[in-house]
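As written, the chain order gives the labels A, B, C, D, E and F, with residue 1 at the start of each chain.
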Amino acid sequence: MSTTPSVLVISAHAADFVWRAGGAIALSAQRGAPVHVVCLSFGERGESQGLWKQEGMTLEGVKQARREESSAAAEVLGASIEFLDLGDYPLRVDDAAQERIVGIMRERLPDVILTHVANDPYNRDHNLAHETTLLTRMVAQAHGHDPGAKPLGAAQVLQFEPHQPEVCGFVPELLLDITPVFDLKTRAMRCMAGGQGHLVDYYTELGVRRGVQARRNGAPSSVIHAEAYKRTFPTVGEELR
Amino acid sequence: MSTTPSVLVISAHAADFVWRAGGAIALSAQRGAPVHVVCLSFGERGESQGLWKQEGMTLEGVKQARREESSAAAEVLGASIEFLDLGDYPLRVDDAAQERIVGIMRERLPDVILTHVANDPYNRDHNLAHETTLLTRMVAQAHGHDPGAKPLGAAQVLQFEPHQPEVCGFVPELLLDITPVFDLKTRAMRCMAGGQGHLVDYYTELGVRRGVQARRNGAPSSVIHAEAYKRTFPTVGEELR
Amino acid sequence: MSTTPSVLVISAHAADFVWRAGGAIALSAQRGAPVHVVCLSFGERGESQGLWKQEGMTLEGVKQARREESSAAAEVLGASIEFLDLGDYPLRVDDAAQERIVGIMRERLPDVILTHVANDPYNRDHNLAHETTLLTRMVAQAHGHDPGAKPLGAAQVLQFEPHQPEVCGFVPELLLDITPVFDLKTRAMRCMAGGQGHLVDYYTELGVRRGVQARRNGAPSSVIHAEAYKRTFPTVGEELR
Amino acid sequence: MSTTPSVLVISAHAADFVWRAGGAIALSAQRGAPVHVVCLSFGERGESQGLWKQEGMTLEGVKQARREESSAAAEVLGASIEFLDLGDYPLRVDDAAQERIVGIMRERLPDVILTHVANDPYNRDHNLAHETTLLTRMVAQAHGHDPGAKPLGAAQVLQFEPHQPEVCGFVPELLLDITPVFDLKTRAMRCMAGGQGHLVDYYTELGVRRGVQARRNGAPSSVIHAEAYKRTFPTVGEELR
Amino acid sequence: MSTTPSVLVISAHAADFVWRAGGAIALSAQRGAPVHVVCLSFGERGESQGLWKQEGMTLEGVKQARREESSAAAEVLGASIEFLDLGDYPLRVDDAAQERIVGIMRERLPDVILTHVANDPYNRDHNLAHETTLLTRMVAQAHGHDPGAKPLGAAQVLQFEPHQPEVCGFVPELLLDITPVFDLKTRAMRCMAGGQGHLVDYYTELGVRRGVQARRNGAPSSVIHAEAYKRTFPTVGEELR
Amino acid sequence: MSTTPSVLVISAHAADFVWRAGGAIALSAQRGAPVHVVCLSFGERGESQGLWKQEGMTLEGVKQARREESSAAAEVLGASIEFLDLGDYPLRVDDAAQERIVGIMRERLPDVILTHVANDPYNRDHNLAHETTLLTRMVAQAHGHDPGAKPLGAAQVLQFEPHQPEVCGFVPELLLDITPVFDLKTRAMRCMAGGQGHLVDYYTELGVRRGVQARRNGAPSSVIHAEAYKRTFPTVGEELR
């Protein structure tokens, strides 16, 4: 892993990747690694309160607004993005959608995949995104799947932080220093202002808080903002860390 | 953490550090980091069957043999070593012993501490070594303890692998590549031949097995031997790993 | 929450709500709160041994008998009831059924939802009822779902006691005093005599046992019968309890 | 349980039963108990790397080769076998497949069922095999399912060992002495040489390792090879063991 | 383990062994196995409410009464008994007491040890009995402890059922059929009438309840009474159970 | 529990009760319930960095300053307070100290006890405070302890929030609305300014954050500040909450 790992983000709704992983995305992109975001849905029904309050808003209008916001945010962060439009609240992932995600994994061969936790009692769309990630990762690794193509390697799956971490069994295992790119994350978050603008302050404050925790766990004092991740698989490495 | 982290090993018995962490020790030492081993006991009663079978063996004789074996092993690995002689089966750690370990931590200020798991139902000496490590680490960090001296930083505590990992709740979180130093570990293990020589094959095979697991989790094919560790605290870092 | 909370019960089979939550239902109803029971299936195949032993019994006959028993029991307890007839052993919940349950939640806006545990190795219908509850609750909360209607609030989901609590990971977090309504629960349980009459004694005894446990955990000596519940979400309140 | 318990094995892929449970199968068969293996898929896409490397190989060719290998292995072990051909990576279990498995359980009425763990983050096919087993077991037990037939009893479900046990939450609860049949297991493993021949050494070594663990947990010194299992339900018995 | 395993019971208070393990004790004794009970304390302060209500009762009087009751109960069950008188509420186990228990283990070399769970939030004496059992077992196994004597083997430690099993993390892993000796357990429980007579009904009912659970998990219909145990170590055996 | 429950706080260090439970204390006191705080130590060595920086500071000086700060804070909150001066980093609780705490419990007979979590890997003083609380609670409940006095009832033990909740296994089970007394908590926190003044902002922000979480879990919009607690025992009650 001598170069910066390439990243694939599986985001249940169109904004999750910004709030929960915007720092990791910007950091990787800034270092030259390809980062691609797959939004399973637009979060059009469950996470677009601000948009629905606009007079005359329609489902398609919400979707379009979210697409624009998320695309703008991805651009700020330096990532490419695509939308599978699978519906939200509830998200539905059928066999064809699974196949499509496998195809994306095969094409991009990410080193690291970012997605949601396994069990969020508040939001089953998040669970399904997690399950879908592990299932499609397995298929993308199979030698017998589309035998001519190169199989996915042993990509780590990092789970990003849910809204109520303790209730979701989320334990931070990696506190990622996102200080150098926090301005980018802030700009990306502001792109989401139409739907969930009130969350910018919340996630700014969370970034500071996880930064404090990073320092308490040994990070240098230059670390101001951090994002927390839970690992799915063991790390491998040459150093005691 | 730009340089190789310095290491302190808290070993319940005189041989634990060789079998369970010999690779990590040699790797760190080879890179120029100071590594110090504290053996809380000699394992004179519980882990010296081979020595007790020698005719006319005494408790002091066992201790002396173990001291020599372990010192030789530490030298091979490139670590300094000291013995607290606190007794084994059961290990006893009184206030004075705690103070002494705090003093060692304060003097050496390790970046990483290696020790046993929290709950081994087969071996409560291991539990006590774990508890002692967390307690003395806390004291060594306190600004008000020996106020003139420099407090210990936020040293990570890595738990090494117990004999029956699943029963002890041990989940590998770091698979450390020890391929470059496996010959050193082998030589160090052979130093222990008087007491527990039958374990060399076991730990050689374990090293290979954890190496296989490392590759299955993404390590390059050059990784042949590995050691497994469980983290106590989150990692902090600048990379998605 | 100044008034008695309104209650919705999601029962995998037609009798679960009586045995496991009859006291809670009667208590709430007696205090004037609306209580509605949704039976996902009649338990016609898996929980109607007594009925199947009757000569010439048919599937429709079992369903009808169970509908009558359960309706009578609900009436005794003071609750309204409806049956979705989704099949049992295994229960199947398709998209339309999910939509219907969302509709019920939207119409009734319960403060509390009672349902099964997340993981019962003996009975996967129970698991599906749990999962369905969390998923439909999420949808019913979404502002963008049927935007004109009022969304569901943050209803607590209380899990009622499974047959083999320890094996299902069920830990009692609320021991509800049902002493004042235990006669009603008894009468309701007796309504189920055609299918599972042998359970009346069992659940009477369980009520006493949980009552003893309640007193051991601080309930006044007037508490004779109790029901146990596990919470899904934190409680919020103004008192230290 | 005065006679040797009859066994049903639910294997996600065509080879799992050999590597993970070959000893238990041979042991039971040798004692005269009926043992039947159900392969949900051939593992044609995910576990047949060796076959895919053969020039001109097709999907049907892989399936046929796997069928032959697994049938030969089952014959060596003394078990009957059938293949449901449900696909792999991902495995798909629809309603009809569930019905068929229920029919097999009803026909054979096993005392013990062997299958995969509940949560393997590397392989969701294994999870689905586990879930399918618990669901079909429940249906096969229901008196109202096919009322004329004899329902399945309270069959224990033993989970066999996954590749990375600690990461899958696998704790050995039964270390089964397979020493008397290890030569049979070896012969059966060699039948799989076309697809996964490299695993013979791995599982031979694992058998020895679990044998060592068995002796450390009280087995007599004659125990050389063992297989590890995790129980799903409590055991019942007349002895303190 | 061709003969009935010999049993050692480590009971925090003088009555625990009767309520929680009386059936296992009588069953083993009836089959000719030696069973020995070690009462760490008399439960003189915390579990003798009935005795303290007697006018003029003193601490020594309570202890003496408990000693007589427990001795009578042990005799009924067929076990030998001794009392270490270490105090209760809180129990204190010093080095000398540990040594004495090691001596008992060395002398009796039990195959199975029965004791309390690891974490009972209501009763820390139970925790200490558990910890003491694991620690002294380890010492008794050490070859270097009293080298002339025969070391203890790999005795299983079965944890008996606490008062509030779910809150203590107690999961039944063995449901032991005690039907053939339940009359003996009843007679033994009645011996305790001076101190805790009100518990006879409770434990009779619990025995029936665990018997029902045993049948639901596959025991024959002849099983009426059972006791539940949680294992500390894997079982080893020649059968799939 | 018709009146406001009386409260006892067992605080490892002199300031823990202010940061972690100041709101609960003020709320209870304001409603007329007696609240008493026991500080096991002054936190003189581990939590008084600010004081140690003052020129010429001595251990006694630090203790005195902390006593004054904590006493002032307790007065603001409406609680009485006492200091056991048992030392910190590490805290030591001997038999006499346990006896003293039992005496305090017997004298005050609290309905609710507030203390630390069971397992904080960063701070073993917190663990010992937890363990001490459960042990002394048990003794204070024993009828045979000081037989003339009234035993403690089944006091709930609420664990307050540690610094790094997820790493400590802390799951919020009660989100207590402390909005009406948050100004008092702020004033009390400011009393601690000599030793740990930098924490005022941190805990203000935490109060807001837990308030947001309370609203997301159903609290009315008037709730601005909250404190989180984890329960040790089931609640008992007459309402579904």
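Heads up, the rule we're going with is that a contact is a pair of C-beta atoms (placed from the backbone, for glycine too) under 8 Å apart; a residue touches a chain by one contact, two chains touch by 3 or more.
For reference, the UniProt names are A, B, C, D, E, F = 4-oxalomesaconate hydratase.
Being a predicted model, the structure only gives us computed values, none of them experimental.
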Which chains sit in contact with both members of the pair chain C and chain D?
A, E
In the touch network of chains, how many steps separate chain A from chain D on the shortest route?
1
Which chains are shared contacts of chain D and chain E?
B, C
Maximum centroid distance from chain B, chain identifier (CA atoms)
C
To lay chain B over its twin chain C by CA atoms, how big a turn is needed, in degrees to the nearest 5?
180
If every chain is reduced to the average of its C-alpha atoms, which one ends up farthest from chain A?
E
Pair in A-B, A-D or D-E that repeats C-D, with over half of contact pairs matching by residue number:
A-D
Counting C-beta pairs in contact, does C-F beat A-C or the other way around?
C-F
Averaged-CA centre spacing for the pair chain E and chain A, given as whole angstrom
53
Starting from the mean Cα coordinates of chain B and chain E, work out the distance between those two points in Å.
37
Multi-chain contacts in chain C, i.e. residues touching at least two other chains, fall at 167, 171-172, 213, 216, 233-234
For this structure, enumerate the chain pairs that meet the touch criterion.
A-B, A-C, A-D, A-F, B-D, B-E, B-F, C-D, C-E, C-F, D-E, E-F
The chain C residues in contact with chain F across the complex are 1, 4-5, 7, 24, 27-28, 111-112, 114, 153-156, 158, 171-177, 213-214, 216-219, 223, 226, 228-229, 231, 233-241
Complex interface listing, chain C residues touching chain E
163-167, 170-172, 202, 205, 209, 212-213, 216
Enumerate the contact residues on chain C facing chain D in the complex.
44-46, 48-49, 52, 59, 62, 88-90, 92, 121-125, 167
Would you tell me which residues of chain E are touching chain B in their complex?
95, 98, 131, 134-135, 138-139, 141-145, 147, 157, 232-234
